[in-house]
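First subunit A sits with subunit B, and in the next complex the same chain sits with subunit C.
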Partner chain A sequence: MSKDKGRVVVVPCSGIGKPSGSVSREAAYELCESLRPQKTQLVALSKLVLGDAATRETVARTPCVAIDGCQQMCASKMVKKSGGTVIHAVAVLDAFRRHRELKAEGIAELNDAGRKLARVMAEELVETVDALGSSGVDKGATYV
Partner chain B sequence: MSEGPERKVGIIACSGEELAEGTVSRLAALRVLDSLRPHDTVTLCLPLFLAGGPDDRTFALHHPTITVDGCDLRCAAHATEMYSNKPVHSLVVSELVAEQGLRKPGGRRQLNEAGRQAVESTAERLAALVDAVISKETHVSDTARVTGTSERRERGEGSCSCGGKCAV
Partner chain C sequence: MTAGKFTFRVPEDRLYTAEGIWVLSEGDRPSNRIRVGLTDYLQQHSGDVAFAFVKPSGARLLADETLAEVETIKTLLELPSPIAGTVVKVNPALDLTPEVINRDPYGEGWLATIEPADWGADRAGLLGPREYLSHMQSQVQEELEKP
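Let's look at the complex of A and B:
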């Protein structure tokens, strides 16, 4: 049995052109490394773009959370194109609309507001991850 | 002699979030784009080849590209070639680290000292490759350049996702 059995896949935007891409990545790290490391699995978007077979299989069998940085919604689109199901998608812009005081700046290094916005997004996603864990939601397939 | 159209080199990083080397690729690309060669480089987020539109997929037709990958999966290099055009150079951080005898980078979220050193080395190599590409480009004759431009127009490739004044 794989150690990843039952984990929720988290796919962040991999953008390097805007601070919102960095916020999405930071939110994913906060969720997967700090808040729910035992319940989540971070998947790099670039592997889905390449069409890596093992990654596609993981995504296809596992509930996915997409964290999008901009209106292009690359993370959500790529999960769907890879045969996966997005059970929860969040966008940095939407989160910012709810928290106008947290204006992210910086790409290589986020400012404090950007990191706080990422933290807020990650905390909101914890509810989704925990709900999946308690309800045992799956897609009718064996988790990898 | 007439002045040729402005040419920029496209830098495409894998940005792989799973590995520290992916973080190195992203930060090295940003260092070149923002500090080392800001006037000679542009970038495109890798996922846009599939999640974006036609302009994104023709990106590498308008720009000679250099890809920066974190590991030997070479997602950026393969995806760029599959969906746009073959990169003129392809860097792999893990190979560069081994070649230069650097310590393995750590800390995908916050790079350790070895990771930061890898960013510097990767960025320097990238900048040198950009210079080489630009230098080679300037040796292309105006006639050849104009011909290439005409061919692209005939193929209907009229715009580029970089937002700049591309030779299209």
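Let's look at the complex of A and C:
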């Protein structure tokens, strides 16, 4: 049985120079390393941009969650361009709209509000990841 | 104007304030309404818009009195009214899709229309497109020189 069975690929923004990019990556780390390490796989957006064959294959056969830093929505777009399916996309701006008190500042180092916003986003994504895991949606992967 | 990877547009059909508000008369007569919004430079510099609150229709404003608060992912902008007058219409798109300010700052992303109290006097204090471009270039240069 594949170790990827029931896993969800998580692709965050790779932008630099804006706190929202840092928030998206922090949310992805929180989700993939702390909250649901067994059910998620973090994929670097840059690997998709480079067209890395193994990464494209993973994305194409696994449901993906995109965490977009800004309205360019590069993470969502690159998953689709790589043959993958975005089953859930979240944007830092939308999360901020729901949690106006959490205004992210800092780039190399996020402020407390930025880290909290990332945490909130990760916690909201847990529900999606768990729902997918229990429903067994994995686009029919056949690897063992 | 282009600076690095950024391009900032300054249409020639309207006037500006140094703070980055554009002002467009909807006709040539003094009684015409005035449409206002954020410049391309101000919206790009401020980041993705999360909320936009504009004084409601009927609000009477003095020049420089706060017309709108626009909160972006980076900052909170308090935007002064470029002219004295009465707000007659607020862009309804701002309620649900305030990001229209980023997408189309000179078109669908307008903030409000104002019936001017003394357009002739207020117009004299605004910048023409060339003057604003020059002012904006100085602002961009300052940004580029920041450590």
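Here are some notes:
Here, the second predicted complex is superposed on the first by the 137 of 144 C-alpha atoms of A that agree within 3 Å, B and C clash if a C-alpha of one lies under 4 Å from a C-alpha of the other, contacts with A are read in each partner's own complex, and residues count from 1 in each chain.
Throughout what follows, a residue touches a chain if its C-beta (ideal position, glycine included) is under 8 Å from a C-beta of that chain, and two chains touch if they have at least 3 such contacts.
Please read all numbers here as calculations on a predicted model, not as lab measurements.
Within the superposed three-chain model, A:P19 lies in touch with subunit C and out of touch with subunit B [touch as defined at top].
In the superposed model, A:V49 makes contact with subunit B only, not with subunit C. In the superposition on chain A, contact of A:A108 is made with subunit B only, not with subunit C.
Between subunit B and subunit C, B touches the greater number of residues of subunit A.
Shared-chain residue A:V92: touches subunit C; no touch with subunit B. When the two complexes are laid over each other on chain A, subunit A has no residue in contact with both subunit B and subunit C.
Subunit A makes touch with subunit B in their complex at residues 12-17, 21, 25-26, 28-29, 33, 42-50, 52, 72-75, 77-78, 81, 107-108.
Contact residues of subunit A toward subunit C in the complex are 18-20, 70-71, 92-93, 96-97, 100, 103-105.
The touching residues of subunit B, counted against subunit A in their complex, run 13-19, 22, 26-27, 29-31, 34, 43, 45-52, 73, 75-76, 78-79, 108-109. Interface residues of subunit C facing subunit A in the complex, by the touch rule stated above, are 47-48, 50-51, 71, 73-74, 99, 102-103.
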